[in-house]
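Some structures are shown below for you to check.
In the two complexes below, chain A is the common chain; its partner is chain B in one and chain C in the other.
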Partner chain A sequence: MAHPDISWIAALNQLTAGFFLLCSFGLIAAAQVTGCIRFYVLQSLLLACSAVLLGIRDHSTDLFIAAGIYIAAKVILIPLLLKRTARQEMIARRELSQVIGVPSSLLIALGLTLVAYYIALPLTIHAGGGARTNLPIGLAAVLIAVYTITVRREALPQMLSLLAIENGAFFAGDAIAPAFPLIGELAGTFDVLMIVLVLGVLSTQVHRSLGNTAVGSLSQLGEE
Partner chain B sequence: MLRMILYNLLQVLVVLLASPLAVGVLNRLKERVQSKHGSSIFQVYRDIWKLFCKDQVLSDQSTWIFRLTPYLVFAAPIVVTLLIPVLTSYPLFFAFMGDMLGAGFILALAGFFAALAAVDSANPYGAMGASRTRMVGFLAEPVFMVVFFTVCFVANSTIPYIVQQTWIHPFANFFDPSHVLIAIAFFMLILAETGKIPVDNPSGHFELAMIDESKSLEFSGAGAALVKWGGCMKFFVLLCVFLNVLIAPWGLAAGKAPAAVVLAIPLVLLKVLGAIMLITAVESSLAKLRLFRITAFLGLALVVAVAAMLARMMHI
Partner chain C sequence: MLLVLTLLLPLLAIGITASPVPRTVAETTAVILAIGNVVIALVMAARLTGSGTLTTAPAWLSINSFGAITLLLETFGALTALLFSIGYLRIHAASNGHKRRYLIWLNLFFLALYAVPLLNEIAMVWLALTLTTLFSVFLVSFERTPAALEAGWKYAVLTILGAALALLGILLLYWALSLAGATDFTWNGLAGAAAKMPVRVVDLAFLLMLVGFGTKAALIPLHAWLPDAYSQAPFPVCAMLSILESVAIPYVILRILAGTQAVVGNHDRAWLLAFGLVSAGGAALLILQTHEYKRLFAYSTIENAGIILTAGAMNSVHVQQAAIWQMIAHGLTKPACFFAAGMVFMVMGKYRITEVRGLLGRSWSVGAVFMLAGLTLAGAPPFSLFLSELAILKTGLVGRQAWVFMLLAVFMIISFCGITYHLFRMVLGQAPAPAHEPPRTIPGSCRWALLLALAPVVLIGWFMPAALHHLIRQSAAALRGGAP
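The block that comes next holds the complex of A and B.
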């Protein structure tokens, strides 16, 4: 860590991690679907940034390629697919409803972040700087995204939180296993693309038959 | 020593004279963005001058609080100016009289009396505005506290002159997540505390929707001028804290020669112009929040501030 370049990269990586966490909070607080999508794209971009920074530090070309995959799939393709499969009314929807209000949700998310730190920090005592930053933040992002899925009522924000879980997992994973085989990275990303496609079509169907996508009202089987 | 006192007074002079200009530029920029022609950037000076020339009307039902408040609102930012770095990056004569917490208390005192005076005037809009300001105030309070805690953690001091140096020594500190997150949280606080758009609409003339403005509706003549001027100075002082203490001390005078200090004035004004452009962008791109959405806005600010503190505590 004595090398000045490395301390710079570590600082920048920490900054990226901070903003990454903020995007998770943004996904909870955003009141519109477009806002959610924007936060998701930003978070994916930060994921790619972090991968590039870690790649520079570890001289790992794998991470550069991974960053390229993230940008291609998450920053460009997923929003595009969402906009194509989901209906315009679903995207343009304002005033999303939540089970728990935004301020209390934010406080709970803060608590989750603390939990993530308490779990993850002891694991990283012997690890390098990258894992010390990325593992707690990635875990926090996963927990917050799970929480977001449970409080959001509409399908599209839930879907974006599902994708955010995957973002968090990759954020932590990039630091722990920089030499993760690229084929796995690719497979994971394509899986996610498929998920977006399927969920987009599904939620559009739900929207068509129900008029909204409040998943809570799907708890009973109806007869035509 | 005498020179330090003189520089300190020069700071006050800069804040006194430049703050209406800052507000005027902000108003003009906002109107230009909305494709209006907009009033002159010197309009605020003219308003203040006009108000000073007018008679003051005092209700005989009001108490001493109503008479005292304009002076307090005017004096509080001046006292704070003595404590914070406006032009120089080294401590001046009064620098150790109080820290950032002290400055916050002084501004809070002025805010408290402004709210009391609004209730004292018995204008229904005044009391409504006062209670709303208090609501925003107590939501902003925890954010303030967490920001101060974090600054203490990072800089081991709450004296603004010492704090400002820690961000760039070494320069990698500048990219420290806690630094950037604190700056974001404090910026959101400035928007809330000075009644800017996501929280309050400063150019609205509809009393029912007002938060900050309605407290000063009952003041007239010199009192109104002082309150208006005090509001401008509060805005300018908060911007100075944001730019010089929390972002970075660039453009401040490092040398003790008078020329360096005088040269710092245009540089600081340039920085303030940059911050004003940022505020214009925020105010023009966001809509005013409903009153009960403000909790979400300030809740987000609190989360940002706590994330900054977490980043600091966990990465030591």
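The block that comes next holds the complex of A and C.
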């Protein structure tokens, strides 16, 4: 793997990883549904960029194909599907409410990033340069997305955070397991599309029956 | 060929239900195809008592003896759930289209469920498990009331969250495999390369998969979605969710454990043990304080999944045999319990335990059958769950970790007392003044489903087929060696 041009690829990949993590923060802070969708699409695009960069470094055609799949499914198809299944007034909604305020949430997300580094760095002794960047960032993106689901109250931001977990997992996965068979990538993508379809329809049903999608305030059930 | 056929039959049922044939024709064909699935699973189980695994030509599909037991329980549960659904829909579905959609989603759910023990590539097993969630979301929210939609949403978000965490675990497992030099990411590849995998990566991978799949199995403390989903889902869907949680998911977790146990110095057994014990104990306490009989059975599913995983985590072939035995006994008993509960609801029209009194006085047959199903579940002799719980305690208490099984014995006694206490309060006692409306008659297909589901529970308590015993021993051996 001793290529002369490897350093600028690694540097570019680190830059991509930084923006990737910023998108996770963006998903927490965005105040509108359209903002959430934009951050998700941007994050998916950066995921594809990282796959291409790692593909150039490792001469892996699998990663190029994976990047193509990401762009087709996550950058193009998912926003389209969202617009079809969810109602317009759900997407156009402004001023999302959160259980915990944005500044505190950003601080917590910062803490989660540190945790991710603490967990992932001992593992990277097994790995090459790409994984040293991608594994902690991917893990951080996963943890932040899990946190985002718990603080978001509306249906669509919760769903986009679910999809962002998948992004984080694959961001780490592309670097550590480039031999991950394409069938696995396809499985992940199929899963993401099914999530958008099923949850999109379900949130529309919730919207129809309740008049809004503040699923966080649903508390009719529960053991007394 | 048999393996492919197992997946084709539910697809055929979906096609026929979606096509414009009369509804009764669609229902009858679906039942016939479900019977076909049970027969195929039986044939595969019979063949596997001779050889180790069945595999298709490109190794996409493959099944070993443990998988055959899993598939048998799934197909049998599916057949009875389908039969019960037909009667249930006659009472509860709003329109014809609503009924058809239910049948289509139910068969899609079956398809994903059958694929779990059949698939060979580990990532595909993950996909199949995830699809079981996505296909069952609309079954959980079938009633379309605000409460049902809330339950469906919680169920979907939490279990998809679990699946995404498990995906990261799978990716890390693949990394560990490729570091060990493996190129084959199937169950066999895992067994072959396990000894050379780096222990820290495997530990993190297993923990993520355990938390991820544990969320789907509603292991405590990851069970937040379960009480709501079970209280809203139709009874046959509850039965199938129970099969998913106490059969299909323990199958996957135990097979992964079988692969990673060869890694020196890993903590996988200890983590599984901790999760299993907390689930068994926590669920036993939840059983005591619940107010709805549907949730009572739901908590009992968690308790049994906990017992199966605890016993499965033991480093002893006899205890693991007993764990598989427990999986069979519970997988056969639980659908019958939900069907009996469904009949109670049809007769009384109430979900809360305190609102159901004097069931025997209201309807003698429903009261008796509910009593029978509840007692088998509680673990009363001489039924199969009593025998399997006894086998777990008998084999476990002589081992090195006897304290685990003393705790399990306490949990089993608590849940026995809890279930029988609620049961007797519901079945006996003074019947309330007769309601204004006469009790609804119970559809024939529901009665047949319950009888069919109860038959093996009672029979296996008395008579254990030698072939099944052989299959259990083979499965436990596969879990030990990693190889088929």
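Here is the rule we use: the second predicted complex is superposed on the first by the 214 of 224 C-alpha atoms of A that agree within 3 Å, B and C clash if a C-alpha of one lies under 4 Å from a C-alpha of the other, contacts with A are read in each partner's own complex, and residues count from 1 in each chain.
The definition used in the following text is that a contact is a pair of C-beta atoms (placed from the backbone, for glycine too) under 8 Å apart; a residue touches a chain by one contact, two chains touch by 3 or more.
The structure displayed is predicted, hence computed values, not measured ones.
K.L.:
Clash or fit: how do chain B and chain C relate after the overlay on chain A?
P.N.:
fit
K.L.:
For A:122, select first, second, both or neither according to whether it touches chain B, chain C, the two together, or no partner.
P.N.:
The second partner, chain C, only.
K.L.:
Who does A:169 touch here: chain B (first), chain C (second), both, or neither?
P.N.:
second
K.L.:
Just to be sure I read the superposition right, which of the two partners does A:103 touch: chain B = first, chain C = second, or both, or neither?
P.N.:
A:103 contacts chain B only, not chain C.
K.L.:
Mind telling me which of the two, chain B or chain C, contacts the most residues of chain A?
P.N.:
C
K.L.:
Determine, under the contact definition given at the top, whether A:113 touches first (chain B), second (chain C), both, or neither.
P.N.:
After superposition on chain A, A:113 lies in contact with chain B alone.
K.L.:
Which partner does A:22 contact after superposing on A: first (chain B), second (chain C), both, neither?
P.N.:
A:22: touches chain B, not chain C.
K.L.:
One more residue to check, A:132. First (chain B), second (chain C), both or neither?
P.N.:
Only chain B is touched by A:132; chain C is not.
K.L.:
Look at the superposition and give the distance in whole angstrom between the closest pair of CA atoms, one from chain B and one from chain C.
P.N.:
Value for chain B versus chain C, nearest C-alpha atoms: 20 Å.
K.L.:
Please output the residues of chain B touching chain A within their complex, sorted ascending.
P.N.:
That would be residues 172-173, 175-178, 180-181, 293, 295-296, 299-300, 302-304, 306-308, 310-311, 314-315 of chain B.
K.L.:
What residues on chain A touch chain B, complex-wise?
P.N.:
7-8, 11-12, 14-15, 17-19, 21-22, 25, 29, 31, 101-103, 106-107, 109-110, 113-114, 117, 121, 132-133, 136
K.L.:
Which stretch or stretches of chain A touch chain C in the complex?
P.N.:
The contact residues of chain A facing chain C are 119, 122-123, 126-127, 138-139, 142, 146, 149, 155, 158-159, 162, 165-166, 168-170, 172-173, 176-177, 179-181, 183-184, 187-188, 190-191, 194-195, 198-199, 201-203, 205-206, 209-210, 215, 218, 220-224.
K.L.:
Which bits of chain C are touching chain A when the two form their complex?
P.N.:
So the residues of chain C touching chain A come out as 121, 123-124, 126-127, 130-131, 134, 137-138, 141, 144-147, 149-154, 156-157, 160-161, 163-165, 167-168, 170-172, 174-175, 178-179, 183, 185, 198, 200-201, 204, 227-228, 231-232, 289-291, 295.
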